[in-house]
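Note that the chains are named A, B, C, D and E in the order they appear, and that numbering of residues resets to 1 at the start of each chain.
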């Protein structure tokens, strides 16, 4: 069983890697943000698979932490992009 | 070859990459990024040391793990301070440029010497 | 019983892996950001769901299972939000 | 594993107080409002001075190191604080410089009565407490990772001090300083990781028992040393220092130049003389000495070419730091009991303390001059010394100590160093020491000449200069001179604990 | 098979690291950094360091990523500032770094016959602390002094960041999220996620005594949730002169320090705990620290005060 799970983990990891290579060729920052999303979801799957396969310490909490914070970077990204758009108002004191 | 040695090589490579980035990066923000990479390579080295010290029913020596946790927090505070410095530097550079409207605070700050 | 569970896990995890690979294929082949977003988030979230489903017998207890399911739910939520945010930012 | 070897000594609690007392000041500063912080300083400073004095007395009376095992967890698992002769000497010098700096800063960083809390005073006082705590932790720490945390504390206290004025150049200098310091700490940490991987402990005492000269240890020690050299600003890693030290407000520059760079130097000493004494090979010692020699020559020559007073003083710091590194080639035999090594050891510490006092006094004097004139261009200082005689006296006395004119701490230090070079048969350092003295004489007398000149019109003072602040600068300069007439026999306590 | 997986993750880490250094666009480099942090936490799980994996996931990629992303977005216009050094310099730097890497790899290959470890000692003394998580034992008992000083480092970093505001803005609020136009999705997200996050943070802090987790991880989750609320414009960043904020900042370290000094009276000395109450005291400290860390990290990421508030 454990080797099956590990093979699955390697396959998911490989698909992440190929996705990353695809994004390497893109110039758009939005594409890169997608990469973060890809690695977030795929990474959680890999983590769960490996943890069960190698019977390491319970890693459910790490997966939870990743899931909880996965979207945070994207929010910062989008917020940051918008922030630059409205840069003109930034100097004004409220 | 066991996996601890493998991660040891990984940390060696990342330390090299981080140092390289620190030396050649032109933009200060990129240097901060490279510093974080370098730091994570060093932490990974601690991790390898911890893994090799697995004993007493633990998968890894807890002391280096605790050191890494402390180190990660310190590295974050360093990053925050450095980023604030960079942002301030560019804000002051913008102010100095003649096109943008001047900020009255610039004059008020020369008081101390 | 155990054999049945094993078969279930193998089936679910394999299906999950197939979805992950499909998502990547979509990412590689689709022409623009919104379509790639479709391919990526939907396929990957289903993939993760199947993997979680397959691993449920191994969590050892209700709490572990609950954690695993909440991992999936959280990923679904953040996936949906991020897709929307990125799509709007690109538009 | 020998865990029973260390135990808390009777006066050990003083070490905890020395580190934690300023921390209490920092925490309170966050919750009391602006005007109270300065009042807080009037409690923190004298009490801290008393703690340092008490530790000094405790260590000299006991004649041996004082130890505190924190939380009663003995190393290697726990952390011990240890005060030996050089620690208490550093603590005392730190306390004196910090307290006088506090007096000096009193006028500059006060909250205006009635107004809202202001930025610069709040930040300055907290940073002052933090520098103090960090330095005490550095000199008392005996665990390499504990020292890392202390080094970071020092960095985080020093960097904002550099750009307290908020001008663009100072922010730039602070950023550069920050990057150098960060690389330094990461390299140090990498070395510490290697040491832990090799010996399973970070405690300096245990390392000196377990450690042996092998390639991995040498790589680790070299990495740590390079990291610390970047923080100490030894040539060729000195580029960050002049703009940073010249850009800070005068009390800040005084602390940065007098104390902060010495903190990381102290850790280098700990590594090579305490943690791994067998590792200091002849070649390594010569290399460090050569870097020191390069620093003396380069720093002095660059100082001679400066147009601004504060920059000149900052370059002089680079040169004076160079002398400290002669301790490696000249006192290398300390562990094996070579008699002449003791002379070089005493000389190096004398140099460190006299430079600390003299440089703090000099930066304060320069700050007063800049405040009075509104600028610090050396060419236009003409005759200001006649308007500010006390300031000029402070500058002159500290300058004499830097040059090494008797009687002054700087003279005793350089004289003893020369003696050691002759005894050790390493005459090449003597050439550098003499040359460095001559060059220092050049830049100090260049400034003194300007200060004393009698131009046709004496420049008008832009701002009144408080007599108190002049006296603060003078008192430190006098300390530097007094070190020279202090009987050398009493410096035996520098050897306590080794 | 596990080794194949490790080779995969190691090569991905190195490749992503190199890509991060080489990337032309700073914003892209930062996003790659976030990806790197995610993979790094998997690496930490593989090294059996779950506590570190949690910290890396929370701080390494989460909050550091956010900090760098917003900075990169704000600095987009400054992109060509400064030129890369010339090719020979790059080659020289590259060879130097390769040399250092090789040296480090050599050290990795030359391990002691028996790797030294403090694990048995740490486990043997764990009973005296009442804890079951040895990492927490190191952080809050054996090396508590480091942890305490590190809290002071965090506070100082925050003061350093605040000191970079203008004189006039002192006492005002960070500008984070102040100019964000309302975005219903973001607002929805910032209303749904924080309750979950706060529960998780409480769980992390609580479980830290016996399982991987603790005040650092819990506090970081709190910080992230607060930042999310601020970035979405649901709640404003507080003014830095706020008494409540100041007390929250020092509560954790102050309690830690107070318990430390209490050790002189009720236990074997500074930062020592009486055996019977050790766990209770440590958990209490962790709760206070988690709150303080949350506020400190969030304000560190929020940046210096920029808006002056009307009294």
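Rule of thumb we're sticking to: contacts are C-beta pairs under 8 Å (C-beta built on N, C-alpha and C of every residue); 3 or more make two chains touch, one makes a residue touch a chain.
Source: prediction; values computed, not measured.
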Task: Tell me, please, which chain's centre (mean of its C-alpha atoms) is farthest from the centre of chain B?
output: C
Most centrally placed chain, judged by C-alpha centres: B
Message: Distance between chain D and chain E based on Cα centroids, please, to the nearest Å.
response: 31
Whole-Å separation of chain centres (CA-atom averages), chain A against chain E: 18
Message: I'd like the Å distance between the centres of chain B and chain D, where a centre is the mean of that chain's Cα atoms.
response: 26
Field: Distance between the centres, which are taken as Cα means, of chain C and chain A, whole angstrom
entry: 13
Shared interface positions of chain C, touching two or more other chains: 74, 77-78, 81, 85, 88
- line: Each of the following residues of chain B touches two or more other chains, namely 15, 45, 48-49, 52-53, 59, 63, 67, 70, 74, 77-78, 81, 85-86, 88, 103, 109
Task: Send over the residues of chain D in touch with two or more other chains.
output: 77, 120, 145, 149, 152, 156, 159-160, 163-164, 166, 171, 190, 194, 196-197, 200
Query: In their shared complex, at which residues does chain D touch chain E?
result: 1, 3, 8, 13, 16, 19-20, 23-24, 26-27, 30-31, 68-73, 76-79, 116-120, 122-123, 126-127, 130, 133, 137, 145-146, 149-150, 152-153, 156-157, 159-160, 163-164, 166, 171, 190, 194, 196-201, 215-216, 219-220
Task: Could you please specify the touching residues of chain B with respect to chain D in the complex?
output: 15, 22, 28, 31, 35, 38-39, 42, 45-46, 48-49, 52-53, 63-64, 67, 70-71, 74, 77-78, 81-82, 85-86, 88-89, 92-93, 96, 109-110, 112-113
Task: Would you pull the chain C residues touching chain A in the complex into a rising list?
output: 6, 9-10, 13-14, 16-17, 20-21, 23-24, 27-28, 33, 36-37, 40-41, 44-45, 47-48, 51-52, 55, 58-59, 64, 67-68, 70-72, 74-75, 77-79, 81-83, 85-86, 88-90
Residues of chain B defined as touching chain E within the complex: 1-21, 23-27, 29-30, 32-34, 36-37, 40, 43-45, 47-63, 65-70, 72-74, 76-81, 83-88, 90, 103, 105, 108-109
Statement: chain A residues touching chain E in their complex are 2-3, 6-7, 9-10, 13-14, 16-17, 20, 24, 27, 29, 32-33, 35-36, 39-40, 43, 46-47, 50-51, 53-54, 56-59, 61-62, 64-66, 68-69, 71-73, 75-84, 86-87, 89-90, 93-94
